[in-house]
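Chain naming follows the written order as A, B, C, D, E, F, G and H, and within any one chain the residues start at number 1.
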Amino acid sequence: MTEPQVRLDLQRRQRLGMVEAIFGEHKTSEQIAACLSRLEAAGELALVTRVDQAKAAAVADLLSNVQFHAQARCLTLGDPAILLPALGEVVVLSGGSSDLPIAAEAALALRWHGIQSELLLDVGVAGLQRLLDQLVRLQRAKVLIACAGMEGSLPTVLTGLVPQPVIGVPVSVGYGVSAGGRTALEGMLASCAPGLVVVNIDNGYGAAMAALRILKAAITGEVAVNQ
Amino acid sequence: MTEPQVRLDLQRRQRLGMVEAIFGEHKTSEQIAACLSRLEAAGELALVTRVDQAKAAAVADLLSNVQFHAQARCLTLGDPAILLPALGEVVVLSGGSSDLPIAAEAALALRWHGIQSELLLDVGVAGLQRLLDQLVRLQRAKVLIACAGMEGSLPTVLTGLVPQPVIGVPVSVGYGVSAGGRTALEGMLASCAPGLVVVNIDNGYGAAMAALRILKAAITGEVAVNQ
Amino acid sequence: MTEPQVRLDLQRRQRLGMVEAIFGEHKTSEQIAACLSRLEAAGELALVTRVDQAKAAAVADLLSNVQFHAQARCLTLGDPAILLPALGEVVVLSGGSSDLPIAAEAALALRWHGIQSELLLDVGVAGLQRLLDQLVRLQRAKVLIACAGMEGSLPTVLTGLVPQPVIGVPVSVGYGVSAGGRTALEGMLASCAPGLVVVNIDNGYGAAMAALRILKAAITGEVAVNQ
Amino acid sequence: MTEPQVRLDLQRRQRLGMVEAIFGEHKTSEQIAACLSRLEAAGELALVTRVDQAKAAAVADLLSNVQFHAQARCLTLGDPAILLPALGEVVVLSGGSSDLPIAAEAALALRWHGIQSELLLDVGVAGLQRLLDQLVRLQRAKVLIACAGMEGSLPTVLTGLVPQPVIGVPVSVGYGVSAGGRTALEGMLASCAPGLVVVNIDNGYGAAMAALRILKAAITGEVAVNQ
Amino acid sequence: MTEPQVRLDLQRRQRLGMVEAIFGEHKTSEQIAACLSRLEAAGELALVTRVDQAKAAAVADLLSNVQFHAQARCLTLGDPAILLPALGEVVVLSGGSSDLPIAAEAALALRWHGIQSELLLDVGVAGLQRLLDQLVRLQRAKVLIACAGMEGSLPTVLTGLVPQPVIGVPVSVGYGVSAGGRTALEGMLASCAPGLVVVNIDNGYGAAMAALRILKAAITGEVAVNQ
Amino acid sequence: MTEPQVRLDLQRRQRLGMVEAIFGEHKTSEQIAACLSRLEAAGELALVTRVDQAKAAAVADLLSNVQFHAQARCLTLGDPAILLPALGEVVVLSGGSSDLPIAAEAALALRWHGIQSELLLDVGVAGLQRLLDQLVRLQRAKVLIACAGMEGSLPTVLTGLVPQPVIGVPVSVGYGVSAGGRTALEGMLASCAPGLVVVNIDNGYGAAMAALRILKAAITGEVAVNQ
Amino acid sequence: MTEPQVRLDLQRRQRLGMVEAIFGEHKTSEQIAACLSRLEAAGELALVTRVDQAKAAAVADLLSNVQFHAQARCLTLGDPAILLPALGEVVVLSGGSSDLPIAAEAALALRWHGIQSELLLDVGVAGLQRLLDQLVRLQRAKVLIACAGMEGSLPTVLTGLVPQPVIGVPVSVGYGVSAGGRTALEGMLASCAPGLVVVNIDNGYGAAMAALRILKAAITGEVAVNQ
Amino acid sequence: MTEPQVRLDLQRRQRLGMVEAIFGEHKTSEQIAACLSRLEAAGELALVTRVDQAKAAAVADLLSNVQFHAQARCLTLGDPAILLPALGEVVVLSGGSSDLPIAAEAALALRWHGIQSELLLDVGVAGLQRLLDQLVRLQRAKVLIACAGMEGSLPTVLTGLVPQPVIGVPVSVGYGVSAGGRTALEGMLASCAPGLVVVNIDNGYGAAMAALRILKAAITGEVAVNQ
């Protein structure tokens, strides 16, 4: 077996307008550090998801210019992008503090692309009033990201209340039939609320990238209409 | 193989205080008619669930004293029990007209045990206001039966709104991940609303019998307290 | 059981800006016609999904002002909304003619909300060149809806090629492990392409409503930025 | 990302008449302690479920007024509610000592709402006589909670023996096909015994809240009848 | 493709002491008749399982010496084997008349190998007394075959009551989670009753062949001990 | 929606050296005929899989130059390719006549690419001797395709006996746990026999194309080595 | 909650003729020791399954008269029963040394009931000759227990070779689709070999108890015939 | 229980032309060392798969002539076979460095049978250009092994690009729906690319053995054609 060689895809990042993201869960700290070194040399930002405290420390031992975000369980390379307020704000909702790591991953990924977000916690549907109390705040958002574990009803109820794009993120909290997040995922897919879209379980990063695509389409839209 | 012989369990019905119920789906019209004949001879009421129009007609050809309830897809033997208003009322909710056969099965089974029920249709959570508009009516009920297909959020939201017993009935309507009712079932089991209980998919009859057990416990409770 | 009563939710439609949609699969022609009559009386448009030829004919016997769209398997009430070219165009892609009913349902739902769409057929990834040949055409779109059965790779490859929002619609064509569309669904959710979002299997209508939400967010975005 | 803020729902607790319950499994000891502090300041009782010994100790280091219940794996805040004997007694049955933590969680949750319960152990159906020997004792109960792992037959047999409400709690003990509790859950849902209701796997707390709803309905029933 | 040629395995039948059995479900009437013709020419008995009325009639048109057993949904070739009372009797139990086709298939397969069986119907565990009433009759049997759909508790309870070999046959009756027989199957496999063995869903024939193996081992055992 | 347009991929067929194959199951006869007409005009061969008798007749009404193969449930366009004996022979094995349609589909697909095959029927592992008797014949083959339903052991046993490439094709015959072919598929994937490869359930065509790739690699190999 | 009380079922053990068996996996060492103490006081033998080294040591610290069997991962109380050679021998087969703990559990459980067994290792079907070489030895056995992981073909092939009762025990070794033993289990249930019976994954104890029931039926058979 | 005895199958290895491979995951270091000692005494090579660092070290303590390959997680006995360049080269592709252990297992297994391979990393389909850039290199290969986790599209796209045999290896990397590798596996099986074959999740060794069978068939083919 000849020695494998990592192939960076700088073209792709430019084409999509996204910071390089590395899925950290199955990689060793050596693999992550090697990858980040090459990106650093190329002057790129980077985001490493699903990294625990110990692996983060091991990477930091190998590479100085990284930052660990404990709540989001992510490593970042470089400083966050300049804020682009014209793109509008994203609101990230979650049913409870168990969903926080996923919501935080989404917010961090948005921030690294210049998008500001706000987090609304404890708005699960078992206490509906708490969600209804936030309606005005929700109407300010351009895109909504709703994280929910257990039976995952929050995105369904939310999508029935507001006309904006809603991205559901199933979260792998719970036990019994809700363990692993399958029930939340399928509940969101089966939702009777029209136009709810869904990403993989615990995929806060993916929800952020979907929001980014939508926000950019809006900007493009503006230009297209004005011409 | 010696010829098999049907064994009626009149003792059980007396012990549980329930009308004999026959699961009609896998039985031939001859088997159903034979069973009902013996119950008729014993002076019993009976309820046959999951019977289609054709099978019902074939049974009616063999036995005169039966009645078909098309919406509930049930056959009944004998007249319904005398109404027992002291037991209190049950409200049966459903998200839409697709859930109607299951809600109707529950209502019919209750009626054959002397329980009055009321049906609230089109109160799915994608249009939350319609449910909130009914809160006063819901508070009148002793027990609530909530039928829902798709993602099955109705029982969760309802259980967060009222303190009464709520019985969730997942319904096998939908397509893709919601086909067959599994997603609704698991959503109800995974529910973050405290105290929601669940029966098998499409089991309107079972929900009615659970409500009957609860209503009778209430009556017994009254006696126990007064003595 | 007191007689149930259908509850229309005109408020919700105004709030979300969507035409009333009725899931036709589990409803009788009588239920559909009754519902459409009330909407017609209220001067509303409507879309009934998942209706076969026979049920459509039965509804048309009861109600004159409906139109059946055989390829999309939908009934519509009223004339389509006025075209809103400022919202931009949607491109609906599909791997082959087996996916056509779902793609057609999405296109019809968009059209009834005033959105123009274009359909790109036979661009499955087993013959990659056919997709690459369409890149210029894809770059014109504001939102992309990619329908795919079997292993469902098309949305993944597409999301790696373009920066716009991509909505994946798994289609229930195939046999063995791909029967029912689960494999396509999970392949899209598991996708390594950043920002791909997904709706339920065969949910062309839902993909259209998600595209509508995105297109409207773009318009709103323009206004917000200009003010 | 602006800093998230916990939203207590004191209204909901009053509306439902339930002590605040916190699902402890996915929360850090810091999150649990912060939540309990706020509840303590509001003069509330609380119950934290699914907490292991180590996490309980860490919470106790942060907050003095909590108590750990090792068998039930729960933390409580405050003293249990005053006993309400008029509500009647609950009997919690279990097939064996492996089911004990779940049965204990149910009993503790009942106790914190003022309900007395009795625990019947080792009444699994493989040795039927042990269950039949307890019939008199079972008839004293107002509501029965039956915990069972493996094939989960206990609630089915029990529901055929007594007319009271029976709540089945599948337990995640076993191996092979019974690992995780799915088989017990589905066995209870599929049960041929009329009126058995079910909660999520290992959800002793949920079964207790269902029993509480039933007991309160009984009390309300008494009043309604007397007027 | 050269023309395929059917290969009979008369050696195997002699080695195992079993009549040739043909799984009829996926075969055409022509394939079945061709196969039976060759067996008839070889002077063999045969049993064809899972044949419906129409296919049976089509086979009978092609071959005179066959007999259809409607309840068991089987075709047989030749006369049943001479009864071997020394092998002892098998009791086939079933919870209700929905399980009858499977129980009848087992009884027919036994009869074609010279084994007498008795059928006990309506002994499901929701009415336990009916089973307990038959204990003496059960103790006469050498082997017990227990057919059950729904939650499939009958074999578990039975195996706790008697010391003989019990073969559980899950039956594909039921709806919701019990549709298809999976829940009954897994309930039997997960059973807490020691020594219960299981065959495939609806495999009455397989249960009969297992009983035959056991009965023959008993006979051999006798000889071995006496020598 | 602009009218969709079929995109043929003649380049791909040349690149891969394969006849155009159309998956017929979800297409109408009109769609199939339209597609075949364009291929006929281009002077191409074609194979349409999973077509029933009625749909085949409807296509034949629209297009004269097609041929239906009832056993393989396929339509073909054009005459089969010239036989290429130098590529070597394929042996297609199957456990019984229920697997015949899948085996026939594989053989037909091979023949349309110029490959000769031989079919060995009734070599299931429950009668092992029938398989062992064919060892010499098996050793003549260049590639083996083993079709099996039920538990799918045939490819495992075969792969332990011979050194050639073996392609396992799970077949959707059977009932209970084997219905649909999942058990056969997973049994082949889990196989302890080294080097067995697998295709989708019932995918006789895919197995043939895999065999074609292998046979051509062999030819290429020869050339590469000789140069 | 009143203090629970363990209920021994000495009657059941006498009725079934089996040593008390305790499922050790979910019990604490204190629970196991308490249970064994009561059995010891009653002069009973006992077998505790699924106990690891550490838990075994903790029990041994609390109770002197126990013995740990490392390979079978079982604790026993008391000396094994007197050998009953008249019952005949059991052969326990396994495909490889990974299946050894399950085979050893079966052998130990048999030995504690007075049954001698022999273990045949490394007779997996990928090397068929090793199994065929043992045919004479297999023919000596009264009952065969075949343990297999991966695709689980061994019991199928074996059941086609010999006429005795064969009990299949799926083993949870393997990875990918075979991880957890599901594939082996379903392969055995789907088996085309007539009369194979199956127990739960890794249930060596259950297979032993099934063998015991069969051996005793043989003995009874002898008596019945002689009288 | 008599002491079990390991049965080596040297015949099988000669018949298949493969080095003995031991599945190391469920075996103790003692079992592995014992097995390797016997093979070493017989002058055989061997490969032990799925061994972690700690177990490898424990085996090395017991046996000197073994070598651990950390990336492939394998132990080998003896020196690799002499290179056989005439068999042609295999290219092993993988989507990213998370798939490396599986790709490395395949390459190591090939090397131990005398086959050279080359590894192409980071050619996942989300950045399609990286794959297209390697087309010339891919065309040099005789057989391609494509490892992919997540949605597993790489083998599908690859099989549409080249005419050689492609073996897909699903990899158990990912989270949510892709955790465990099921989605990748089913995506490959459902693939619309004709002739793709698949092995078990993470089965790099199996893919290598399939490649070996193909390469040898090619050699045989050459001879057959020349004669």
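Simple rule for what comes next: contacts are C-beta pairs under 8 Å (C-beta built on N, C-alpha and C of every residue); 3 or more make two chains touch, one makes a residue touch a chain.
Since the structure is predicted, the reported quantities are computational estimates derived from the model, not experimental observations.
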Each chain counted as touching chain E and chain H at once: F, G
Centre distance in Å when chain C and chain F are each reduced to the mean of their C-alpha atoms: 35
Per the C-alpha means, the centres of chain A and chain F lie apart by a whole-Å value of 44
Please work out the Cα centroid separation of chain F and chain H, and write it as a whole number of Å. 25
Please set out, as single numbers or ranges, the residues of chain H touching at least two other chains. 12, 126-127, 160-161, 176-178, 182, 185, 189-191, 194, 200-201
Could you list each pair of chains that touch, in label order? A-B, A-C, A-D, A-H, B-C, B-D, B-E, C-F, C-H, D-E, D-G, E-F, E-G, F-G, F-H, G-H
Which of the residues in chain G end up touching chain F in this complex? 95, 124-128, 150-153, 156-157, 159-161, 174, 176-178, 182-184, 186-194
Help me check something: in the complex, which residues belonging to chain H touch chain F? 12, 15-18, 21, 86-88, 142-143, 160-167, 185, 189-191, 194-201, 205-206, 209-210, 212-222, 224-226
Given the complex, residues on chain B that touch chain C span 92, 96-98, 100, 103-104, 107-108, 111, 117-123, 126-127, 129-130, 149, 173, 175-179
Which part of chain A faces chain H closely enough to touch in the complex? 1-9, 11-12, 23, 25-27, 31, 35, 50, 170, 172, 180-181, 185, 200-203
